[in-house]
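Remarks on the structure that follows.
Labels for the chains are A, B, C and D, by order of writing; each one numbers its residues from 1.
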């Protein structure tokens, strides 16, 4: 009988730990505990104005603030019946791309790379590599800052559009750095290639937005490899959430089926053909075959997205023309939900708003909550394959698998167990 | 100067030529441009961008002569320091400066010329050409008339433009201005232009509704330090500093060092400050000589009345900015009025 | 000359005066320096900032060195305390007007110092010692918190032995076990021992504002006139050359019009403290 | 000797740590000066104190957090509240104005096992040396603290209002010119007036300035037509629990 505990999972955003008991190859007990203190976001939105939803839900997560803002703003606009113009849509896509590049690079180079290099962190890694990689991350940050007015928790995204028109010439300047950055991204393919990760395949439902027009980020239908094909309005009819006693974010599953995976791997698997040519070429070189059923391929999926989205950002910047970026609207009550793709997967926001413009109820399902159950299921299948290893090694492999989901535990708006690990 | 009495006239196209000429002569030209609901001195390349009928900009032209933030020098900790910002700024032409702002610049000129001279200000000033513009209208917050700083001015510009209805009167105010006007081949203006200008000024003078005469104000204010108006007004004051930051005659600044992350090199910076801010008079160990809001408000107004440290150099020119941009609608002319025994 | 750019000075030696005051002897590296007693310099620790500090040495030595006596209270002063002989600081100045040494010729002098204000008075005291015949009777009153907070202890004997003069010391309190032969109480309590002639003397005071406040009150009641009382004022200061505005006391600039003012000049200013 | 630094997280979104990571290519330079002994988000190496500098992100909202933050204080020479949550409780503190049970049942079907207290900034429980205000604080401000602690001086963190920086950028004033409810006049600067820079009112995310005239600000907001409830919400957003705002936020 082996007991493996990963107390305080490091190099993830937020606080979590893993308790695992194995008997031979059999997993006796497995609990991914999230001990992030609860913040009750859905409650504290109540009585706030619809305009504050964007601003406050941004604070759910210090990494995927952009998508929280975008899901939120779209949900509210659906309630109010606001139709935004193409320029606004373009800028929203561009800022979402910035957010994804920034988050993916944070994950790849600061959180995941140490696993590949066998280091506790990246601080002792080659500074040259680090500077290059972080310059790549910086272009994502700058894109968000330029459009959003601030890097973390942008301020210009409001119901009806943006508070200001980002200057085209500034974006053009950034285009230069984007081109540099793309080189770094392409060069990084060998760092995260298939030979660097365990060969572990697992069959599961992988869900993502999909959109025939474009690589889906801000809008699309919810689809999966198991035949799910619904509109975002049907999300709650097909996805259910349950509270589990041992902790975590509430667990999600597809009704009548089971746990599912959201995130870059689901997206790349589903929408591979919409990636840019260079991204698909990089996929070839990576040694992974997409669609892939190896959860560790998620890192490569991130890198492919970075490459593809830089290509797309360049096109969007080129197409961008300065002009009005705010449309007028009238306040009215109702309820609606919207999904955008966070770096870590689908992010669902739903609000009920009164005629006075105040929020009456909110339902938010960030990707980490949706993935929580799937992570446990993956581990249950993965652990037997490594059960022969030492406890320390098992722990580090498990941590690596969890990390591959890039769980953003702060995002777990609703978490329960408050179990404290003493320092 | 010779020929200051020489007057010229032109049309809009001529003004445009003037701007183009300045630009080709190496000047960066700034003029009042409307954006949103406000005006700003922005870089221009044509008179078409300019609103010749503007009232007042958010920041006065001060921003180009005594910028909100500027580097004093760079230093390296191993081997002392070097004045890296050799005061050699690019030549600037301010196009369309109103009389109140012209007078404010004159005061700042005097102030920064006092020994020891301020090399940063003066280097910029010497490289600045000023083209004044007589106002075409007066709003409810203008009171230059009672301050003796407008709407008529005879100094403080290289050229003064006045819109006389069917054309523009151009008056040289310096040899440089005269030369420029001659070189552009503008025709001489007849007396009817001067008469038209005089008529405009008379009309303007009649439309002032706000007044704050200077006579005896400084002395009076200084003798009424305990007047209830200070504390009453301070109850509304937000200590936001807007009034002094937009004031064309306020010059106070803070100085601080910024080190690079290598901790080996850095810059010393100066930055506009305001006596309305709590930190302004703060000293070590938490001491503060003007801790109370009313003391700060009073100090600022005394300065604008000509009674505090800035005295003559920073007293009010009646541009009205502090009134327009005070979120608490505090109006120094009202305070002056109360000190004089009114309302 | 750019008045905002400091000259480089090398710290030659450091004397611990009290637990929180040190005297630094500085050599200006690029030569000439001259000042009058009561003037101050702006001392830079580059990267941290600049502080106004009175010169505490005598002008006759200025070609060789100047001294400053600094109390550790914050960023710049705290950083100065961490420096060693050989380290460099920036110096601008001298600034300000100085003590009325010319007006004092032939007159009695009453010198009143409190706390670290004694630093600004020392050049004046040294001047009396070096040019004794210029002045009439000279009485020095000096108060500090405790005996160990007195600066320039190594010179007190010389100050006390000045002909036709006296040095009176006082402290607020004497910690147990410390030997103390002098007075206890605020510095104004020493006024009863003052023998200079109010009709023909000048008073020079430097110390905490509250001490100066009571000193002025006492002196006025003793018959001194407002224009005989000179006070060295302290205000926040950023430029030292009358531009930054911070040091204003009503209509006056401490850095240019001061730091030394007569009580007469100050008494009608707003923010009056005295 | 490199500065030994610990980065800790309580109830928060991690955004302040992410802001720190936005230093990007400057990271190697910072690593020349400091050693991160404890930073769970970035390193698997979690070393115990003592720390020269502890950056504490997040509000205190459970009994366990209280114990933890006290332990961190004991091990740290300089302790810095990193961001609004740590400074005053920040956005999570909004729930203080709802009944506890209410908040819990809205989010959880079975709230029985949730234990959380009223949300406070960390200085409710430990002494804080410096406050990095903001949601999040600007990277420049965070680095200023690193530099200052290394030099052994107080960091230069602006305490005057946002209006000062707003004027440096010559923005149109949203409050006076557009009658929009800008919190700039009572909010501490340091952000660079980024909201007015992009045409949005300051929402007050840096919390109160050094000497806010709250009563007057409330009047100004009323003048431009805000209801009492709207005003209350403004003061109860990023810094409702700050000592300066508690009165107007009615707690």
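To be clear about the criterion, a residue touches a chain if its C-beta (ideal position, glycine included) is under 8 Å from a C-beta of that chain, and two chains touch if they have at least 3 such contacts.
Values in this document were obtained by computation on a predicted structure and should not be read as measured data.
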Top chain pair, ranked by how many C-beta pairs fall in contact: A-D
Separation of mean Cα positions, chain D and chain A [Å, integer]: 25
Between chain B and chain D, centroid-to-centroid distance (C-alpha), Å: 37
Separation of chain A from chain B, taking each centre as the mean of its C-alpha atoms, in whole Å: 52
Mean-CA-position distance for chain D and chain C (Å): 43
Chain C, residues touching no fewer than two other chains: 47-48, 74
Multi-partner residues of chain D (at least 2 other chains): 151
Numbers and ranges of chain B residues touching at least 2 other chains: 256, 259, 263
All touching chain pairs, where touch follows the definition stated at the start: A-D, B-C, B-D, C-D
Residues of chain D defined as touching chain A within the complex: 9-19, 21-22, 24-25, 27-28, 31, 36, 39-46, 48, 58, 61-62, 64-65, 67-68, 71-72, 90-92, 94-95, 98, 102-104, 106-110, 113-116, 135-136, 139, 191, 194-195, 197-200, 203, 205, 230, 233, 237
List of chain B residues in touch with chain D within their complex: 35-38, 40, 58-59, 63, 68-69, 235-242, 245-246, 256, 259, 261-263, 271-272, 274, 277-279, 293, 324-328
Of all residues in chain D, those that touch chain B in their complex: 26, 29-30, 32-33, 143, 147, 150-151, 156, 159-161, 163-164, 167-168, 170-173, 175-178, 184-186, 210-213, 215-217, 219-220
Chain B-touching residues of chain C, taken from the complex the two chains share: 1-6, 8, 46-50, 73-74, 77, 88, 90, 234-236, 238-239, 241-246, 248-253, 268, 270-271, 273
Residue numbers on chain C that touch chain D, as the complex places them: 47-48, 74-75, 78-79, 82
